[in-house]
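Scrolling down, you'll hit the structures one after another.
Across the two complexes that follow, subunit A remains constant while its partner is subunit B and subsequently subunit C.
So, the complex of A and B:
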């Protein structure tokens, strides 16, 4: 019983981790959004597995909420922006893809080195997975720094948020429903605002590259 | 003493199997591909017939080429056969199986790729040189991904010996671990790149701009070409066989008894057949990626390998 719980949890966390790497790997924005949706599913699975293991119905409820918002609603909203221009891709990131993948590997190692104390402190099967949460946060930051398309930056922001949520699930004995509800709805609101903003940018200036938006236009 | 005789028999069996299975797997993959594309396709035995035809033809060699060109196909076949004889394909107790680890197998295989590359450079034609430079680029990125992927698997079980690596998979149920899955995905991408399959190289093309492997072997003709084809297909089967045994270790013989060997032979043939069919189905649904995007693919495979190593260490 406990063996299968640990291996399921490992699998779900690694799914979240791999999808974070996938958003850096694929240049196509549509693929990045799909990876984000799978990441949401993985995150929800982590919450549900932890909730089922601790017989904590609230945590299972949080998992369902995460599934609805991060795996369905948010990717759908961003997907609508991407659907407007076909073959949308991250054409010229500041660091090329192979280098940024190596960077992601280095950041993961950094996360493992930095969180050794936390892992020793928590000392549960869930606790030893905390470095993955921190690594996902770092990869999200990295993605926001090196990517120039507006949609890529939103994906990076959401990756950071997913990493924070993952760390919270793994490190604590359950996030209060109200807090989780507030945070998740905040993210949803932010994505709605960003989606409207990006759609307007696209319509008015026909650019997605945020670096081009330094000057004021009429 | 008897066990070493049995190991010798097993190694000889693996050696013969790989030479026969190579062309057959090539034929099977071509057949599956043509069927999926709505064509009848040549018989599965066609590559074997091609080999027989090529081996009776006249041997032609470029005028300025040296012994390097002549030796390359022989070294390719020999290195593949040596690697196959000592690998856990049919049985876990082939000759020297307890002493050969994956680094040795991979580097013996590398000997074949490097000799082919040198042979291509030796022809002195611009075309073969271009193919060699591309192959060197791909190879330089494949090796780290391959090594890291198998390193991750060996960290999980605490040995770098290939036979024990496969053998542990048979007995324990820790197969679905995330580290192992990541390592296998990374290993698979690296195999596709190393053996020149889609999406890295199109094995059926003779279009100058895109080909990698075909450009290298363009100057070979007759018996030399037969050896190159044989060596390349045997390499493909060896790597697919290692992948199949690492991913689905069931059915491999643990001893060297006659019955066990026959069972292992059947098991590995079925597994390699299944993986070969899966590769062709994948190839039909995918397009060749641009040469300049190959580093992205292989860097991704490398990252998966690194993540796999990290999870193997962290989730122990």
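So, the complex of A and C:
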């Protein structure tokens, strides 16, 4: 039983990690949003697996909430923006795809180095996976820096958020429910605001690429 | 009382959102903020003798929270008064629909409520949720004019601040990881964390605090993630700039202060001091450099906010009771002075149609009230006596020297001197210079509240009344 718990958990974390790398790999925005949805499923699975293992019903409930928000609602909201975009591709990222994947690898190593102290402190099968959470945060960061499309930036932001949620699930015995609900609400509202902003920029100013937004500078 | 101060703006916000637009909705906002200010004063008095709390202790006000509530109430009231004028003029010239006016009024109240929740939350993760909520709520306020520039500023604002604040959340979660594996009970309650801090794992707290400084630092406007600040402050409507610069930055700084107390209790002062010193000095350097090269007076004011936040950061680095008291007095002083200046700047833009320094001249002759307020506000801002910023800047510099950081206080003084020079040249051009039109009076509804705010600032600088006991008690909490 314990063996299958560990391998299931590993599998779920690998899904989250691979989808984070996928968002860097694929240049099609629709594919990035799909990867984000699968990432949400993986994250929900992590919460449910941990909850089942610890007999923590609240955590299982949180997993269901994560599934509803991050695997369904958020990708749907962003998907609406992509649908209105005629050339929904990340045509010219600042760094090409192979180099970004190498960058993601380097960041993962960095995450392992930075979190040695945390892993030593937690010392559980879940805790040993914490570096992946931090690596996903760094990959999200990286993708926000190198990608220029508005949608790619939102995907990067949500990747960061998923990485933090993963770290919190793995490292603690459950975040208080009120905090979990507050964070989820914030994320959902932020995505709604971003979606409205992007839609407005596309419709009224025909702006799709952030390089077109260079009016404000010193 | 605690619940009332949170519920009042929420209720006013819901009414503004649902009721059909009329001028009364804007006045309701003013009434709500006046109520917040009165309640804040009552809570301030109560916090000196006891610890008012609500909802089973998950909300509560110690003197530090109470002082922040007062700043929120005072700046909020000024901004609400400014908001009435902003909406009047926008509606009059058809630049916004009545639907958008309602939305503006509702969001301002939501913004105030989120800030109040930030300072009342005893749980540091709930505090984080509230700070992030301020970002979400203010994005549409920054972009309320719906010009291309305003939307660009809102985009930058929400993206950069959300990323930054996400780092603070990662830091908060790492603190929680440390607490879950410490000796005591796992808790995110601030007081518990401070008490349990000596047992927390040092390596994890160090990583957590670095992330928190970077994260909340983004919202405070600390380098290197400050680039949203000048854009958002210059593009937002004047009352929103006043709120953002006058209180939002310091509310984020308050969050940083709370986390600093935990880190100091866990690690001692060395690591915390170094982190905050680097952050403060870099911010001060960037702010002063940019301030000296500004051609736009709203951006100039925005960089001045960064400069003041850098100074607050240095004061927190010193971390002595004197330093923290000076920091808190500075939060009050900067909040009042900067909101008066942003609101006055908004009136100048309205009158002259430009925010370029070169486009404005002879203000003292053409619009004596506006020019006078702008001049006195700037004098207060650069720390001339009798205004309270003089006392607080001096306090921070003296505390730095006393903490064995004389070189930092020398650098800070040099920066302050540069700012005086950097602000007075453009100010002289705008205030003096040839006047092209006949003198015009400013309405009393504008000049009287601004004058009162500046008067309060001078009073606070001379006798420190009525805040001195609250400030010292607040500094003791933040220690």
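We take it that the second predicted complex is superposed on the first by the 213 of 218 C-alpha atoms of A that agree within 3 Å, B and C clash if a C-alpha of one lies under 4 Å from a C-alpha of the other, contacts with A are read in each partner's own complex, and residues count from 1 in each chain.
Note that a residue touches a chain if its C-beta (ideal position, glycine included) is under 8 Å from a C-beta of that chain, and two chains touch if they have at least 3 such contacts.
Note that this is a predicted model, so its numbers are computed, not measured.
So, on subunit A, is it clash or fit between subunit B and subunit C?
fit
Where does A:176 make contact in the superposed view: on subunit B (first), on subunit C (second), on both, or on neither?
second
For A:56, using the defined touch cut-off, is the partner it touches subunit B, subunit C, both, or neither? Pick first, second, both or neither.
Neither partner.
In the overlay, answer first, second, both or neither for which of subunit B and subunit C A:11 touches.
Touch partner of A:11: subunit B, not subunit C.
Determine, for the superposed model, which of the two partners subunit B and subunit C contacts more residues of subunit A.
Subunit A has more residues touched by C than by the other partner.
Tell me which partner A:98 touches in the superposition: subunit B (first), subunit C (second), both or neither.
first
A:168 contacts which: subunit B (first), subunit C (second), both, neither?
second
Touch check for A:121: first (subunit B), second (subunit C), both, or neither?
In the superposed model, A:121 contacts subunit C only, not subunit B.
Is A:200 touching the first partner subunit B, the second partner subunit C, both, or neither of them?
In the superposition, A:200 contacts subunit C only.
Once the two structures are placed together by chain A, how many degrees is the angle at subunit A between subunit B and subunit C, based on Cα centres and rounded to a multiple of 10?
150
Could you state the shortest Cα distance, in Å, between subunit B and subunit C after the structures are superposed?
Subunit B and subunit C, overlaid via chain A, are at closest 19 Å apart by C-alpha.
Name, in rising order, each residue of subunit B that touches subunit A in their complex.
For this pair, the touching residues of subunit B are 174, 176-179, 181-182, 295-296, 298-300, 302-304, 306-307, 310-311, 314-315.
Residues of subunit A touching subunit B in their complex?
7, 10-11, 13-14, 17-18, 21, 25, 27, 97-98, 101-102, 104-105, 108-109, 112, 128-129, 131
Going by the contact rule at the top, pick out the subunit C residues touching subunit A in the complex.
Touching subunit A: residues 58, 123, 125-126, 128-129, 132-133, 135-136, 139-140, 143, 146, 148-149, 151-156, 158-159, 162-163, 166, 169-170, 173-174, 176-178, 180-181, 186, 188, 201, 203-204, 207, 230-231, 234-235, 290, 293-294, 299 of subunit C.
Which part of subunit A faces subunit C closely enough to touch in the complex?
Its residues touching subunit C are 114-118, 121-122, 130, 134, 137, 141, 144, 150, 153, 157, 160-161, 163-164, 167-168, 171-173, 175-176, 178-179, 182-183, 185-186, 189-190, 193-194, 197, 200-201, 204-205, 207, 210, 213, 215-216, 218.
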